[in-house]
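The first chain written gets the first letter, and so on, giving A, B, C and D; residue counts start at 1 in each chain.
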């Protein structure tokens, strides 16, 4: 029930936030903040009451009773569709990340939304509810439902409160995600049908669908459907082109949620579904997937370097960083998977923060064009320092979360394929190039007289507080990542056990 | 004491964080006290540690916590302390302290005083972590940490785009090396299952034969990292540009400590290099080539800091030579003495720049001997040490290197000759600097002399540069002993006399003017050679053409997102289809009828062809 | 009415020809009046086929359908000619192409 | 025997009249050819034993419907200008394509028809028989047809009234 409550709180909270606009103009954001924090506190209280949390034991992937939480009730029994939610270490990490970044996103758009505030906060909360559902649903139909639930509010957020080119961006976002969602639905139905023909039972439950018997051909095609659906969301090269537009045009909170959380659903889907459901097919496909990941790393970095739009640059850096996630997942060993999970968490914070900074700049300067910025540090030293922190975080400075992630991914990947590792490692160099260029163009250099005259306001307490949360989180992840690793470890171990069935050996050095 | 060595990096770090958070609200004196004091405490602690170590020679291993633990990969936040670490720590905290003190006067007028000390303290902390790390991953943390601090400090005066460019160049060029080094780490872990240095070398000894492929590749990758950080060929181009930072920064980071991290890395992992003779030869060759290249370049420079920068590159080349020929302790010894005299020279040049309104061109200086006596003597001593004149610290270390290079099998004498040529050039360019700046006519009048906060560090460093050669560095336990044989005496005599000849040449050319080089310099060959040397052998230009411009071009070309064009194609196809279909909906009755008829024809055709009973 | 009878397929052939000619007229004429006439021809051809088939089997159904066709034709002509008048009034022409208001 | 001869004569007349009707530029001429064609078809109806159908063909088709056409054409007053325009439209380039299409369809129809065989029935189907089945099994169709006619009535009344309202008549008169 806890998990249902988590989602319901957000859904109803969204409704409340929308209605609260009638009370006062500033009410929705407060309501939204309270709702998200309530949700977070509620989750933490429930967790603290569980003895299992202290000793996260390896959940057996196809035995839900070993999971942290499990909930199942019938929905459409005729087709074996049920409302089945479950929580394990990885889901828990993602849920926590979602709620924390949700609160950060609300804070990020504290002042920059001027029209239809209630509806905005409602969309934000509903989107979060969808994401929570995605991270917890283990009935494939329910998963698909939540997948759609998280996208539609997002579409509204871009289309209504976005920047100058929002219509195009929102439509592109919608078409890409919708098409991939459709692909996923088809794959789900195909998988269920295959399972039905093998066992005679209609079921959409993850636990039942694991180890579905199917022909190699079928497995390949269905796996590919899942893969593309998730990689579009991730986004992996070459399905990433919706992302720069969507990120650039979305309002700050939208960008934060998009980059921080929504992208992770793709990675989560790959880890949870695309590989474990089709272990052999995924293995056959792994080297292609890894090359795509490496291509994403390099391509994203080069394109980021060429951008003049502050937000677009960060968006492309996301493409580059998520390439590491793809690499980590398809290297499919513990090191790399842990790296991928770490990257999901760390990238959530670092990119969210950068988008917040971009949003603050947009709010103050009314432009995102870096050619018009310059020497902003002089007027906004606090913002500059914070930006510097997140820039070095995103270029993978050791001691911060992103480094742990990238290093683990590379370490795991190196054991699988050296040449891909070499290609991916160049991402560290190109990453430094675009990150520092971002810093140079916006905060360093001669101060632009236009802004000196207009008198810019530095970060205030609210913003610094929000940033501090993320700074502390990244440092913590960087020098003591063990809690996150421990949370994910048993799950990854069980997934690895599930997929590396006797005959399959993944390691293939050179 | 041994339990608290973690305090040594922590104190500067805390000070740095404090300065970052509340630095703008503190008074300048408080900032200075905090910045200098924290490093001072670290220096004191290091001193205590040193005395303790001198008595019991005990290696300390201290593990604070496990950094991360994944599938057997478990690097710790843990420290390892032995003689080599002690030498490095002493240099970092000792020289670091002096430079911090010097900075309080040098940076006095700067509005970002607190930011400066925050970065500088951060650097000291990172550098200490680098040398104290007991595993390569923690070392890498320090390694990248100092890189970032270097970036921040080179670009300290961020208002000028050129500084920002230099800073980025420094970071990215070293990052290239770092990435290769990271690959080395991956390889080492994959092969040996640990990154813990002491365990690793033990494993390596058992796993690999001398000269096997894997250790050679691993060592070469580590060398790439070292080459980047220590500004050796081919990744040296960032260092001269890095002089854009404040001069004390150049003294601390780009002369005394960070740039020698590469030397430290190789020395620290020397057991691995002993398994890879090819890698060692590569190190020696890189070292000597860089040394000569940089020395020639230094001859032609006019910017005082650039001369010193190239001289640094050249001297680190000597250290690499030492490491390459297996003269480990000589290399580290030279690292230490170089830290003393090069810090001295940089601080001296800082004093000149400070008193001469940020003048960098040596030909606009002159006659400063009487105007700035403290600085003059600093320079005299520093240059003597740099030129390795007998009895100075540089003499002892460089002499050791040259002698051991001579004994290196096969290419040893060749290395020795090249090293001698380098030494000759070193003497010439360093005394060229002295004669041009301190003798002759006064071109720019200094508006003040150095204050005590500058004079004290200079004096102490003078002392160290003089007597540093008598120190015994406690690394005998760390490195394998050399065989103790000595080459023939004439080798030694030649080695000693070459620098003196060099000084003499400089004296004749730049002081008395008796030796005329104008004709050579004005010949077309001389001119183009001079130009080549002035531009650092044109390597910057080459890289610009070869890497930087193409990368910019690529980024610009890809900016329009060719992949998106693919999706654009889908859109175009849809639009075309839409046009076709909507043009069918023309409202022309006859067209409709015609198409209906065509459809009818088709239907009948199909119906007629259907098998019997299908309808 | 004895002796040799008319072969059914000859009648159908005539009907087909009439139909084809009517259709040809439909396609080549632009004047609405002629289009309506062509339609009449085609309906008539169809009616002929029905009656012939009915006669073939000796059943009245063919003629029943003929009558239905007749009503359809009548209604169609009534409405069609009404439209012709409207078209003439609005567009001052009976050319179908000129009366086209679609943006194709 | 005589019926067959008559049939072929009637068929030939019908076809030729129809072709003429389709190709005349003058609407009235075309209409008269069309009437001829309809009469010829009526003869065929008679010959194949459907006298009632033949009667209806003459009365309603050739009589009522065609008269309607004549009235409308008279109202529109197309004149010589219309003829010229029609001639211009009847270029080979315009009718070539449709002709080919029609030819193809015709060939197909002939191929299909050629599979059927046998003569038409000897006995005539009387009007009584037709009436019985009309108000027997087909009564629903009759109702629908009546509704259709009603709709046609209302529709044509509605459309025609607007054309024939007072001011329009005045305008026409004024021209």
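Everything below uses one rule, namely that a contact is a pair of C-beta atoms (placed from the backbone, for glycine too) under 8 Å apart; a residue touches a chain by one contact, two chains touch by 3 or more.
Bear in mind that the values here come from a model prediction, so they are computed numbers and not experimental data.
Top-ranked chain pair, ordered by C-beta pairs in contact, is C-D.
With centres defined as mean CA coordinates, subunit B is found 37 Å away from subunit A.
Annotation: 67 Å between the Cα-based centres of subunit A and subunit C. Subunit B and subunit C have centres, each the mean of its CA atoms, that are 95 Å apart.
Subunit B and subunit D have centres, each the mean of its CA atoms, that are 100 Å apart.
Shared contact sites, meaning residues of subunit C that touch two or more other chains, fall at 23, 27-28, 30.
Multi-chain contact residues, meaning those touching two or more other chains, do not occur anywhere in subunit A. Looking at subunit B, one finds that residues 590, 594, 597 touch two or more other chains. Taken as a graph of touching chains, this assembly fits none of the simple shapes: it is neither a line, a ring, a star nor a complete graph. Checking each pair of chains for touch leaves A-B, B-C, B-D, C-D. Touching subunit B in their complex are the following residues of subunit D: 97-98, 101-102, 104-105, 108-109, 111-112. Within the complex formed with subunit A, the residues of subunit B that make contact are 20, 24, 65-71, 73, 77, 137, 140-141, 143-145, 148, 151-152, 155, 158-161, 164-165, 167-168, 171-172, 175-176, 178-179, 182-183, 186-187, 189-190, 551, 554-556, 558-559, 561, 563-564, 566-567. Residues of subunit C touching subunit D in their complex: 1-14, 16-25, 27-31, 33-34, 36-38, 40-41, 44, 47-48, 51-52, 54-64, 66-68, 70-79, 81-86, 88-89, 94-95. Remark: subunit A residues 237-238, 240-241, 244, 299, 302-303, 305-307, 333-335, 338, 375, 377-378, 381, 385, 388, 392, 397-399, 403-404, 407-408, 410-411, 414-415, 421-422, 425-426, 428-429, 432-433, 436-437, 440, 443-447, 479-482, 485, 489, 509 touch subunit B in the complex.
Against subunit B, the residues of subunit C that register as touching in their complex are 23, 26-28, 30, 35, 96-97, 100-102, 104.
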